[in-house]
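Per-chain numbering from 1; labels A, B, C and D assigned in written order.
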Amino acid sequence: MQDQVTNSVRMQFCSRSENVAFARTATAVFASQLDFTIDQLDEIKLAVSEAVSNAIIHGYKNSPGMVRLELNIIGRTLEIIVSDSGAGIADVEWAMEAAHTTDANRMGLGFVFIKEYMDDLVVQSEVGKGTTLFMRKSTDPQVRH
Amino acid sequence: MEINAEQVGSSLVIRLNGELDMHTAPSFRQIADAGLKPPAVKHLVVVLSEVPFMDSSGIGALLGRYRIVREKRGKLVLVGMNTAVRRVLEMAGVLEIVEVADTERRALARL
Amino acid sequence: MQDQVTNSVRMQFCSRSENVAFARTATAVFASQLDFTIDQLDEIKLAVSEAVSNAIIHGYKNSPGMVRLELNIIGRTLEIIVSDSGAGIADVEWAMEAAHTTDANRMGLGFVFIKEYMDDLVVQSEVGKGTTLFMRKSTDPQVRH
Amino acid sequence: MEINAEQVGSSLVIRLNGELDMHTAPSFRQIADAGLKPPAVKHLVVVLSEVPFMDSSGIGALLGRYRIVREKRGKLVLVGMNTAVRRVLEMAGVLEIVEVADTERRALARL
């Protein structure tokens, strides 16, 4: 059975560091329409925080741009799509590995956390065009996509 | 994020209140690094009991301070993590290299 | 002196009743980037709750549609724009008066609350096209626009 | 929103936990109206101490129930409003027509 999108919100905000907190909190508020546990909501907040931070830091290199965040409720699953129109990732597979980073001041943990906490992660990226992360998390951890 | 710093003997105690992410990590970093400047200050105690959230930017800021105290042959002690913060620090392997204490008093007693 | 927009977020969500809570909470989270008092944040939540409820109830008459919510920080002022592409208001001046309502089950309090709690309210509406509310609130209650 | 309803003598006590708006008001309305059906039930006590937010949809739901108990020659008593809720109820003129009590026990003692 293919569930329908029953509720959705699309957000677009400036690539400013204070909006990372906005993005993860707004996502948690929306996500609480499903019966996620407190721990699961914490996991969702972390994943959004990492994805939006990456869009600001790596995508837009801390200069002005717009980050998009789309949330869809599909049955008992929350779909989270974070995208930027920034630098893009040259080698997505490489970037997704633990400790792999192109910024010496960072640790390459973002994708590790997202993979650990989300049921599903798909990354689409094109150099010079931007990056989109498709994430899914179900209230029922048995469900895999 | 509210940040309170106090020197207690050879230790710098930093009490954080708020979420530690890419927006708030820079001020933590600045205040910690300033407090760790004096050669007499060897250890860093970070009180996390009022930190409801931390992501990889926060962890990066903690690990950067860990490197500084290690060079001074001092210790980094984390105090009072909630479940969410403890989980990400565990996943990042941070809890294997730093010290952990229940209370600020116990942390200082150990240094 | 004309201040610039320093931060902004645009949201778009389904006209579902559960999104009223999402909208007011997300707005309060964004608004807390300015140093509003707790009371002022409560006032902002109420205004957004009324405006979004109206878009869903009167604009879309509880049928599917998209509600737009735009937040801009301009100096020490928060601008809140709530709009729908719904029924529109035939007589805006009449509708804004206390106890005036076109729905016998309601009380005509929404606009009263918004006017009371916001520094500024402008309503643009066209029958069959939709309604837009422009609201402003400053952290410094002396500032009027 | 969690809603708990209990009949105590000639009063229906409804304890609300959550925000009262257009999304949650319908269930409050339903549960209240069902509890007020029996002719023996004349009064309604609504405990608002765990209601952090209420807007005009919530006020409408309260005033609708006020009309029902008034027809029964009963009273509506509101218990334990926070500042935000008290302010909107005041603005709407609700506090001039309903009774207000500090605690559920005091509310019931008065009926």
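Just so we're on the same page, a residue touches a chain if its C-beta (ideal position, glycine included) is under 8 Å from a C-beta of that chain, and two chains touch if they have at least 3 such contacts.
Values in this document were obtained by computation on a predicted structure and should not be read as measured data.
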item	value
Intersection of contact partners for chain C and chain D	none
Intercentroid distance (Cα basis), chain B paired with chain A, Å	27
Chain B and chain C: spacing of chain centres that average the CA atoms, whole Å	42
Between chain D and chain B, distance of the C-alpha-averaged centres to the nearest whole Å	48
Contacts with two or more other chains, residues of chain C listed in rising order	18, 21
Contacts with two or more other chains, residues of chain B listed in rising order	none
Listing of all chain pairs that touch each other, if any do	A-B, A-C, C-D
Chain D-facing residues of chain C, complex	17-18, 20-21, 24, 39, 42, 45-46, 49-50, 53, 56-57, 105-107, 109-110, 112-113, 116
Residue ranges of chain B in contact with chain A within the complex	19, 21-23, 53, 55-57, 59-60, 63-64, 83-84, 87-88, 91-92
Contact footprint of chain C on chain A as seen in their complex	7-14, 16, 18-19, 21-22, 25-26, 29-30, 33
